[in-house]
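In the two assemblies presented below, chain A is common to both, partnered first by chain B and then by chain C.
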Partner chain A sequence: MQRQSTGYLFVLPALLVLGLLIAYPVAYTGLLSVTDNQGNYVGVENFARILGARATPTAFMNTLWWVFGSIVFQVILGVLAAILLNQNFRGRAIVRSVTLIPWVVPGIVAATTWAWMLHTEFGIINYMLTAPGIIPEPVGWLTNGSTVLPVMIAINIWKMFPFVAIMVLAGLQSIPNDLYEAARIDGASFWEEVWYVMLPQVRPVIVAVTLLLVIWALNHITIIYAITRGGPANRTLITPIQIFRTAFESVQFNQAAALSVMFFAVAIVVVFIYIRTLASNAGEAR
Partner chain B sequence: MGSVSIRDARKAYGNVEILHGVSIDIADGEFVVLVGPSGCGKSTLLRMLAGLEEISGGEIAIDGKVVNSLPPKERDIAMVFQSYALYPHMTVGQNMGFSLKLARAPKDEIKRRVAVAAQMLSLDPYLDRYPRQLSGGQRQRVAMGRAMVRDPKVFLFDEPLSNLDAKLRVQMRSEIKQNHQRLSTTTVYVTHDQIEAMTMADRIVVMHDGIVEQIGTPLELYDFPDNLFVAAFIGSPSMNILGGKLQAGSFIAADGSAIPLPFAPTGMDGRVVSMGIRPEHFVLDPQGLSAQIITVEPTGSETQVAMRLAGHDVVGVFRERITARPGEHIQVRPEQGRIHLFDGETGKRIKHS
Partner chain C sequence: MTKLFKTMALLGCTVSGLALSAGWASAGEVTWWTPNFNEARARELVTKFEAANPGITINLEITTTDGLPQRILTALQSGAAPDVIDVQHGWVNGYAQNNLVLPLDEVLTGREDYIPAALDYVTWEDKLWAIPYRIETHAIIYNKADFVAAGLDPANPPQTWEEFAAAAKAMTKDGKSGFAITGGGEVGNTIFRSLPFIWMAGGGIISEDGTEVLVNSPETVKAVTYYTDFFKNGISPSSTLENDGTANRRLFIAETVSMYQSGQFDVNSIRQENPNIDIGVMTIPHPEGADTAAILGGWSLVVPTDAKNPEEAKTFIGFLGEAENQAVLTDTFPARVSAMEAERFQDPILNVFKEMLPFGRPVPVHPNWVQITQAYFDGIQRILLGDEDVQTAMDGAAEEIEALL
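For the complex of A and B:
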């Protein structure tokens, strides 16, 4: 008993901080979602209104595209980069450092820079494509409804694949050299080594990183908000941005809270899967 | 079918040459052990044979075909690693069948050949287990099974028993030997343990500092070591080496005591030599040299005695039971015809008829 109460004393500061910074906002958001701006209880009215808004299903579909598109390419590109960086070649240390740059650059800086590079009239990307005649006329990357979301996804991939690469690379480096040698003697080609030795060995890393990326993509605000704020015509409006704009631009805190609560439910499922996966990996290792 | 010919093989890392021209011929079906202290280049040579290390100079041929520039998979060899190097995410059966799978063998053939090897190694109950669920000895067997399934021209073993405890090592030693007798696949086996080498090999290659010191059957090396290194390396407890010189048909030790030689090397008076006597080649003889006993270690069947003889600390092993106590003296002499003489400068054996 004595020991237990001492233990509680030690975790108290952490619990206090967690309570103030996480539990209280969550609970308060829950409260906001069922009241009006006067604080009166209104039941599910906020939920009904926000679900009825025209932007909501659009944002939902955009979010699916955003998350799915980002994850698939971040993981594929990240794993390929990791495999490349795990090979022996001259200047590997430099290439490894350079690969990390996108991840190290602050999101807002990256977003602003990309916005300029993608500018229809003055952007370097259109310049480089039109000058040698690859495309006949400038593309409105950020104003054209069919290019803007793919472009946002591309920036997000660029920003996050180094993270995947570095995590997977760490996993690859923990594979004993003997295994590669055994595979070579067993007759494996390079790609067979990748498929039968490397990937199975880093599978737990890839799973964990993928789930983290899903969570981060679901929460994402910076790049999209800094470049398009969800526009044009809601083409890049994903749910987190919709929540943000509902709250701080339309000043509909209660509806934003209602949307948050629903979104939170989805996010919590992913987080739950993530934790379960981590736990089962720990049991599986060796 | 699986002969190996190594011709003046050299290995250098940058400017540092670690194998200085090694030549070994291995006949089909032979069990050859490469033995030597750490850093002698034996593992490097094996890895060059496997295709895991480049060959800096010379030539290696398997079955008459030069393999210098062939990748491992085209050499038709199988290797057992010291760490076993089993794929942790594959079951025992998948581990053993992996090479066949890569070779696009039909599924039922893989299954059949894995089953045969598993049967031979008594692994059949474990085919669906993962390596981490096996004991050290079982993992070792899986590693051998993985090699056997392929039915290669040459088996390569890189210190396969050094991760096992002493008892298991003795057991696996005889299992490997039995499997070799059954399969008669050419085998090259690397170890630093001279007992393993003596008990398993058809022929032993003793290596030291990147060169071959001697090649021969275990008993040839034991009875006629070419030089001081082989003499001291092979045998346990190791051979006693006494420094001294030759004079009038006798060996004069550093302290002046004379040991008569059964043969008289002519024209060598005054030559500085080393005399080698194996511990079991001392006999008790009242007319012999006086030796002061340091310790007496009876094992029941024999008695190992550390003693001071002619100014050297030597070890003798006697079938008789020694009752003398430390500090006392016994009279011993080397058995006639069992004395080895080595040149004091080159360390080479001085031959006598």
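For the complex of A and C:
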């Protein structure tokens, strides 16, 4: 027992710093969510108000689309890119480096550049599509209610799939050659190799990366905020941006805290379900 | 154990040292936050002031307008505020109500020399909470050549809503848009451009005393219809929903837009970037038989309650409030009538902007104004997207605003 308590003493400084930097803000957010701006206890009033806001359900649905759409394509594209980059071909090192570029570009720079490229009047994307006559007139990518969220998701996919690719590539490279040789002796085609050798071997990597992607998508602000600020008419408003706007534009810290608390709970549940399902699946696979 | 305590003590010292250094200021030192567009002129005035007041040093800190309200609010509430801050008139009331700035009645000289609306803006409970030094309103900037091309007389721009809409329609041809409204960017862009039309029609977003929702009144709906119809009828560019004031200026410079609303600060950049455009300026059109209107914008100087050296700060603000110094510091027009005589305000292109000043009005004061305007702006975007008609969209906004009053 003596030894154990000495151990606790040694980790105390780290725990104190963690407490100050993590536990205190979390607890303070909780406190903010049940008080008014004078610090008086108001129960669930902040929760009721923010849930009653017209934007809240919209933002929630948008968040679901945003997370789901981003993750699916990021993972699929990322894995395909990793398999491609794992092949032997001339100039592979260059292609590998170039693939990483979207991920390395700072989010705000990428977002602003995309906003300009997508502009209806002077954006290069509409110019390239209209000049050779592919489409008859410019598309309002960011002003059309049905294209703006998909466009945001596409930018997010472009930004993050290289990360998936590089992580999966690292996993692929750790697969021993024996497995491929064994598969080839059994007469496996390339796609069978992918399906029966590569994917099962990198499964833990994909699981971990997907979890990270889910968390990042749930926390996301930069791209959407820099391009549309959640507009037009809340078409691209996702919950983290709503929290940001409520707190720092409307200066309603208490309602923003209430929304954060609820969002935190939802995020925890999502992550929990995800880990549980994948952990049990992995058990069956063995 | 000892080592642990030493580490913690060291950590404690570092933290408190950091906290102290943030709030450190020696006597006679005034820290002044001013936005980047003021920098050159502010330095000039600081040099002049320091020469005349050897005991006081001015510590100039340059801010940027993006995210400035949040930054100032944080500084004011943290207790580590500078001594003088440049703020927009509209922000002052909120600071006064929360006791974040000091009253400045004693600092003001020549009260009768000020444009009354500017002082009204920063007055709360009969006390003056800021010294306004810069005022401006929008007018309509137009391309004279496009008037000629459409068979209109650029020397006689349209006056009423009907004339204006007809002129805008006539200029919308060959890929040009007659009149660009805003429907994107920060909320303020569209408030500044659409609220004057609402006022002219006799409506409002909320009543001036902040007790009544006017956003779905027949007058407001009429004005919002007038405003949004420019987009629906194809007169405003198809990119309207992503355009803010800056985007409209770029479209004007690119000669794809013939008219748009803005302040005189746009004139110089248009002249620089496209000297071929013959720029005209007209007052904002009004309904038949009613006056024009505009939002009075501009900047004031405040002294935070937590200022380290409030007395020196007041001396400095008194100096900046002198007519000749206001004439230097302002980017647009000075808040004092006598300062307007300075050489730099005599450019004829500024005449219409001067004419608009008496029609400038302050926006209503309400603690939830930002959210109220957001609800209104969302409604405007729903109309522009074609989701809802004007009445439905404004009814929806009214419902949201009702909950905020």
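One rule holds for everything that comes next: the second predicted complex is superposed on the first by the 262 of 286 C-alpha atoms of A that agree within 3 Å, B and C clash if a C-alpha of one lies under 4 Å from a C-alpha of the other, contacts with A are read in each partner's own complex, and residues count from 1 in each chain.
Going forward, a contact is a pair of C-beta atoms (placed from the backbone, for glycine too) under 8 Å apart; a residue touches a chain by one contact, two chains touch by 3 or more.
Model, not experiment: these values are computed from the prediction.
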item: Joint occupancy of chain A by chain B and chain C, clash or fit; value: fit
item: First (chain B), second (chain C), both or neither touched by A:197; value: first
item: Touching partner for A:140 - first (chain B), second (chain C), both, neither; value: second
item: Comparing the two partners chain B and chain C, which touches a greater set of residues in chain A; value: C
item: Contacts of A:122 with chain B and chain C, given as first, second, both or neither; value: second
item: Chain A as apex of chain B and chain C, Cα-centre angle in degrees (nearest 10); value: 150
item: Partner chain in contact with A:44 - chain B first, chain C second, else both or neither; value: neither
item: Closest approach of chain C to chain B (Cα atoms, Å); value: 46
item: Doubly contacted chain A residues - partners chain C and chain B; value: none
item: Residues of chain A defined as touching chain C within the complex; value: 9-10, 12-13, 16, 49, 52-55, 115, 119-122, 138, 140, 142-143, 145, 228-229, 231-235, 245, 248-252
item: Chain C - residues contacting chain A, complex; value: 1, 4, 7-8, 11, 70, 73, 183-186, 237-242, 247, 250-251, 254, 256, 368, 370-371, 374-375, 378, 381-382, 384-387, 396, 399-400, 403
item: Residue numbers on chain A that touch chain B, as the complex places them; value: 176, 178-179, 181-188, 192, 196-197, 200-201, 203, 286
item: Touching residues (chain side chain B, partner chain A) in the complex; value: 50-52, 71-73, 77-79, 81, 83, 85-90, 98-99, 102-103, 132, 146, 150
